[in-house]
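Chain lettering (A, B, C and D) follows the sequence in which the chains are written, and residue indices restart at 1 in each chain.
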Amino acid sequence: MRPLAALIGEIGDGALLAVPPDYSGVAMAATRALIRRGVRGLRLLAVPQSGLQTDLLIGAGCVAAVESAAVSLGDLGPAPRFTAAVLARRIAMTDSTCPAIHAALQATEKGVPFFPLRGLIGSDVLRFRPDWRVIDNPFAGGDPIVLLPAIAPEVALFHAPFADRAGNVWIGRRRELVSMAHAADKTLVTVEEVVDGNLMDDQTLAAGVLPALYVAGVAQAPKGAWPLGLAGRYPPDRAHLARYAELAKSEAGFARYLAEHADAAQAAE
Amino acid sequence: MSEPGWSKAELLVAVLARMLDGLGHVAVGAASPIPGAAAFLAQARAARAMRVTVLGSESHNDFTDGGRELFDCAAQGRIDAFFLGGGQIDGQANLNLVGCGDYPDLTVRFPGSYGSAYLYFLIPRVILFREEHSARVLVPKVDFISAPGVSPPEVYRPGGPHALVTSKAVFAFERERGGFRLASVHPGIGVDEVTAQTGFAFERPAQVPTTPAPEAETLALIRGPVGAALAEVYPRFAATLRRHGEAS
Amino acid sequence: MRPLAALIGEIGDGALLAVPPDYSGVAMAATRALIRRGVRGLRLLAVPQSGLQTDLLIGAGCVAAVESAAVSLGDLGPAPRFTAAVLARRIAMTDSTCPAIHAALQATEKGVPFFPLRGLIGSDVLRFRPDWRVIDNPFAGGDPIVLLPAIAPEVALFHAPFADRAGNVWIGRRRELVSMAHAADKTLVTVEEVVDGNLMDDQTLAAGVLPALYVAGVAQAPKGAWPLGLAGRYPPDRAHLARYAELAKSEAGFARYLAEHADAAQAAE
Amino acid sequence: MSEPGWSKAELLVAVLARMLDGLGHVAVGAASPIPGAAAFLAQARAARAMRVTVLGSESHNDFTDGGRELFDCAAQGRIDAFFLGGGQIDGQANLNLVGCGDYPDLTVRFPGSYGSAYLYFLIPRVILFREEHSARVLVPKVDFISAPGVSPPEVYRPGGPHALVTSKAVFAFERERGGFRLASVHPGIGVDEVTAQTGFAFERPAQVPTTPAPEAETLALIRGPVGAALAEVYPRFAATLRRHGEAS
């Protein structure tokens, strides 16, 4: 176990940082700590989409680039700081589509330079991705198919219900976190709690474990996904999120939100 | 005009559900309460078991292989129907979920393409649903193609658009021709109004039928078991349905 | 739930049948039932290797072809009926390597016609696989890489600890069974026991579940992996396996074993 | 000649463990008790934590992503060393795990290539271990290449053979040259015997060292904690080690 500040110390300026969607265990306490530290130039990879976390980091000036299938606050509407930054061309936005991000991470997981994927052909998503290729299926002919280059995040960061002291992290059904960790050079995890014993000793728990082998560091952060939810633990704080959605519509409102919730004074986290 | 015994949302739920009857597995996005209700309605009256997967739900989602499973499952041919929307939809059923303007120089930014650039190709029956029926949404040509409505014959494409349902009308998509045909206008909506508010050209029959109103049994299902099933996933929408049920 | 005989009724002569390795839940009771029924011409796909099950099916004359990375009885020595059949060219043997079988199933799981894989180049495994291709990595150049065509089993058959009545099957850490089921047209499962309630309602259990969505049929078969083991339930019956390894060295001995253990008279299974 | 205070198995465990010292993650096959013991020995005396994964084990295997995880993990560069054997091994370190004869017309059939055709390319330090040291096993040219010892420069290959250990000797593999060099002969074994029983040509130093016997601390570890760790995975072999420990 490490203190949160030490954990996020592994995320340097300019890092290619993979993050999960709002429903999958977002390390929000760690995100606020990153903002307080003043991280700059992050290249965010949303796996495969993102919401509050990306909007907050963009608004706080921490982000140089985003690759994602979508950024939104869900039924609370658009992600305001993301939208403003993209329209002003202040961040480099790489539009993707969910399965392409999953597949590109699986390519790194498997140690291959590319993955094939159906769909995509004829879309402008493909047209604006000079890094993607269309080849003719060598097994058929007359069958165009897209090849996606592997994406290798430097860091994957997420929040999970619990871990043991050996660094095994229980992620349950949230297996997008597994591929993300397999593909990332370093995986950093915050958890609600640290449990005694070794999670691998219980076959029922083990089925939902990301093994320590892939985990570079774990920090305890109770309610670490707040104001987002953590499945099975707590729901999203909808009142708070609605207030964020409202405040973040303006730069001044966002600054006020940031001062309240991610200020350096809030060093308790 | 007297109040009908049903809401616009209930009409739309009934319309969408008819397009799902008899299917084996319907998937619905997290922020899609009306399609979600339609899937639960079709499930409630299905003769053989129908599976409904609601993305982002805990209790109506059995996936255990991570975020990729929806897409893999679709590619395996195990999902029969799905819903997509769009900030812009054009007459070739091209969808734009990215933004307006000359990409990447946009004047309006939408959230992004999500899985549309993939699922639109692979799921046999993709139903386009967008409540707003205006020339702003239904455009002659989308500014950005998140997912194309039709593909050349050499492109692997077992799936594609089936219909477009809005607050005013139902359009069937004719894949051979690659265009929409007006199938019905909702009760109280005129064909002229639909034409005026639709930015793309479409075929129409000489006589345009009126979308059938939901039957009593359908309304009972919507206000009963469907609302209950919805409550976990779309609590606010479910509450709306239940309120309407109590008032009527 | 279905009776075992009805379950294996879904496996027709000539089926391309995917089976797991000896340690991963082998449906041995179902295998004996198949032998009793007199199935013929099976094309076995070992995922990625096999032992007793394949040897037994070959010895009983049920098999036309095998694709596998290896067939062996582990530390009890070679698989005698497999070895004899291959040497006599009585079955069509397609030699593969473990990761190639996993990758070819993942290709079907993802609905793509092929998967790239590192390694292999310069091996005779590759040289004798006219169905595999080497292309030049389109993203680099001067970087040869193998493409494997997708393998789509008609049936996947395995044994698991338990299932619920909805058809959800708990497989725990044995996730090779997940890819196998995703890739197969039909997945048939035997289980030790059927439990009440829905496995998906418990997030801890759910993490180890193959959802009913992929399961075409489940039959209860207590000790259904015997004489192989089932992790967490019972170990392999080593005395029995050693006897098999000895008897199966000769056709006569194998026939004796078969009469004792897979005879039509043994209809109790 | 007086009995040494150690068994041949203990000598081999000690030899193999020296090749693992300082590594982060060593993986061992299910049916490899001597390599398994070597990995546990290296782990027991490691200065920084060393991970040992034993395939097919329940308690020494933390993989939770199915059978593919070993291979994916190797491809990710997260496994530093692995052991391979072979029915035939030749002077270029080509491995044959398939059979003897003119494939597919074989006269002898081995089980099959397992993961060798992949792991040999990807794991930096692959140690070849085969107790039988005979011209039948160590051949000039294998009949079937399950996995080649060397690859042309354009082939992606971060891994490959490091050494070959038999019951008689240790050979280092020289990747640049693509051949073996005799590194040491085990106590009591003559260089001539090794030469006679080796079917392939190899380099040798003017003076061939004798493989160092296991030190007392090493033997204590093998007979104590290593044997205990082995017991779950290789019960019969662990019992052998413990018996020897008690007898000595």
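Quick note on the criterion: contacts are C-beta pairs under 8 Å (C-beta built on N, C-alpha and C of every residue); 3 or more make two chains touch, one makes a residue touch a chain.
None of these values were measured; they are calculated from a predicted model.
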Report task. Could you find the chain whose CA centre sits the greatest distance from that of chain A? Result -> D
Query raised in the report: When the C-alpha atoms of chain A and chain B are each averaged to a single point, how far apart are the two points in Å?
Result: 29
Report summary line: Cα centre of chain A to Cα centre of chain C, whole Å, reads 37
**Report entry** Gap in Å, rounded to a whole number, between the CA centres of chain C and chain B
**Finding:** 41
**Report entry** Residues within chain A bordering two or more other chains
**Finding:** 103, 110-112, 117-118, 143, 145, 173, 178, 203, 206-208, 231-232
Query raised in the report: What positions in chain D touch 2 or more of the other chains?
Result: 58, 63-65, 71, 75, 122
Query raised in the report: Got a list of which chains touch which?
Result: A-B, A-C, A-D, B-C, C-D
Query - Complex interface listing, chain A residues touching chain C - result: 103, 110-118, 133, 135, 137-140, 143, 145, 147, 149, 171-173, 203-208, 231-232
Requested in this report: Provide the residue numbers of chain B that touch chain C in the complex, in ascending order.
Outcome: 25, 51, 58-59, 62-65, 71-78, 122
Requested in this report: Write out the stretch or stretches of chain A touching chain D in their complex.
Outcome: 108-112, 168, 178, 182-183, 200-201, 203, 206-214
Query raised in the report: Across the complex, what residues on chain D touch chain C?
Result: 30-31, 56, 58, 63-68, 70-71, 75, 97-99, 103-122, 144-148, 151-152, 154-156
Query raised in the report: Tell me, which parts of chain C touch chain D in their complex?
Result: 21, 23-24, 47-49, 68-72, 74-75, 78-79, 82-83, 86-87, 89, 93, 95-100, 102-103, 106, 117-128, 142-145, 173-179, 231-232
